[in-house]
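Going in written order, the chains are labelled A, B, C, D, E and F, and every chain counts its residues from 1.
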Amino acid sequence: MPYVNIKVTKEHGGLTKEQKADLIEGVTGLLEEKLQKNPASTVVIIEEIDMDNYGLGAEQISEKRKRQS
Amino acid sequence: MPYVNIKVTKEHGGLTKEQKADLIEGVTGLLEEKLQKNPASTVVIIEEIDMDNYGLGAEQISEKRKRQS
Amino acid sequence: MPYVNIKVTKEHGGLTKEQKADLIEGVTGLLEEKLQKNPASTVVIIEEIDMDNYGLGAEQISEKRKRQS
Amino acid sequence: MPYVNIKVTKEHGGLTKEQKADLIEGVTGLLEEKLQKNPASTVVIIEEIDMDNYGLGAEQISEKRKRQS
Amino acid sequence: MPYVNIKVTKEHGGLTKEQKADLIEGVTGLLEEKLQKNPASTVVIIEEIDMDNYGLGAEQISEKRKRQS
Amino acid sequence: MPYVNIKVTKEHGGLTKEQKADLIEGVTGLLEEKLQKNPASTVVIIEEIDMDNYGLGAEQISEKRKRQS
């Protein structure tokens, strides 16, 4: 019955429905395989965060992307 | 001074303002009644999650709802 | 299928098992009553936080309690 | 490598990009100065919460603001 | 640079160091494989929750385990 | 009335009470200075995470520290 919260930056219009489904299935499977956790009650919540609101290394991801491009 | 975070799926256009007010009042009251926590500093944050982003049983809630309808 | 996270300060040795059960039952019931959420998949996680680690009004709760006693 | 999550109410159209950058820089700097934490791997995530979804003192912030104005 | 928080009940003395390493590696790999997220800045935090503090279906996991044994 | 959650690894026996007080005061002050948020209702919660439970770059911080020493 684990609870998993995943926060990723919203880039290129955001994740597709298929990418989200894949992620939910993958994480739930991992918890079953590695820790024998019951998939039926495993909760996975994905949150997409605006790149201005996500900081790494004291800098917004939106600014980091600009420098990288 | 408790902190409460409630994450629910966003369904049928989302919660109404009244439902949110009810929930905030109910949870704050419960913490006062059961644990004698001061309501004046109790914080309740409600987050509505897109059904594609909420997984249960390795499946998106959006897909679960389709099968149920 | 809501997810609820409750953070309270750990005081007087912490919550009893009965207080925790009461809180879990109360919050789950509230979400069923107010939002028609299915109690079977409602997750409630209670976290007890050391009073030195919980700040309100720029002050640790442990210090606030000293001033109040 | 700390992780910091900041939740604030969304007021007056929300924080500007500059305010978010300031906050990320300030918190990251604080963790370096006070705890010698490496800024390169410090993560700061800012979430803006609708005033109807944020409760304090058993009341929505949206209602509190009305009374205050 | 995703952030992942995993909350599991603490059972049978808790996860071993190897189980935690496996989980961190597995989740980080999944985010790289499915979403092309950079593993170098992916943060995974595992929290083990006392079975009295984790509720599912309005019941503590500690009680659920008793009924199941 | 912001809510701030800070998760840091527990190293060298953990943060002192003074370090925690400093952090709470600093973050609360920053939110007042940068965003004009009321310090009286600002909540700051610090969580110290075991180094085995904190992963960065697909590796536990406990292992990273070993390699660095």
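We adopt the following convention: a contact is a pair of C-beta atoms (placed from the backbone, for glycine too) under 8 Å apart; a residue touches a chain by one contact, two chains touch by 3 or more.
Remember, it's a predicted structure, so these values are computed and weren't measured experimentally.
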| item | value |
| --- | --- |
| C-E, A-E or B-F - pair sharing over half of the E-F contact pairs | C-E |
| Selected interface, A-B versus B-C, where C-beta contact pairs are more numerous | B-C |
| Length of the line joining the C-alpha centres of subunit A and subunit F, rounded to whole Å | 22 |
| Length of the line joining the C-alpha centres of subunit D and subunit E, rounded to whole Å | 26 |
| Distance from the mean Cα position of subunit F to that of subunit D, given in whole angstrom | 15 |
| Residues within subunit F bordering two or more other chains | 1, 3, 7, 27, 41, 43, 45, 54, 56 |
| Residues of subunit C defined as touching subunit E within the complex | 17, 20-21, 24-25, 27-29, 39-48 |
| Residue ranges of subunit E touching subunit D (in the complex, touch as defined) | 1, 3, 41, 43, 45 |
| Subunit E-touching residues of subunit A, taken from the complex the two chains share | 1-9, 15, 19, 22-23, 26-27, 30-31, 34-35, 37, 41, 54, 56, 61 |
| Residues of subunit E touching subunit C in the complex | 7, 49, 52-60, 62-63 |
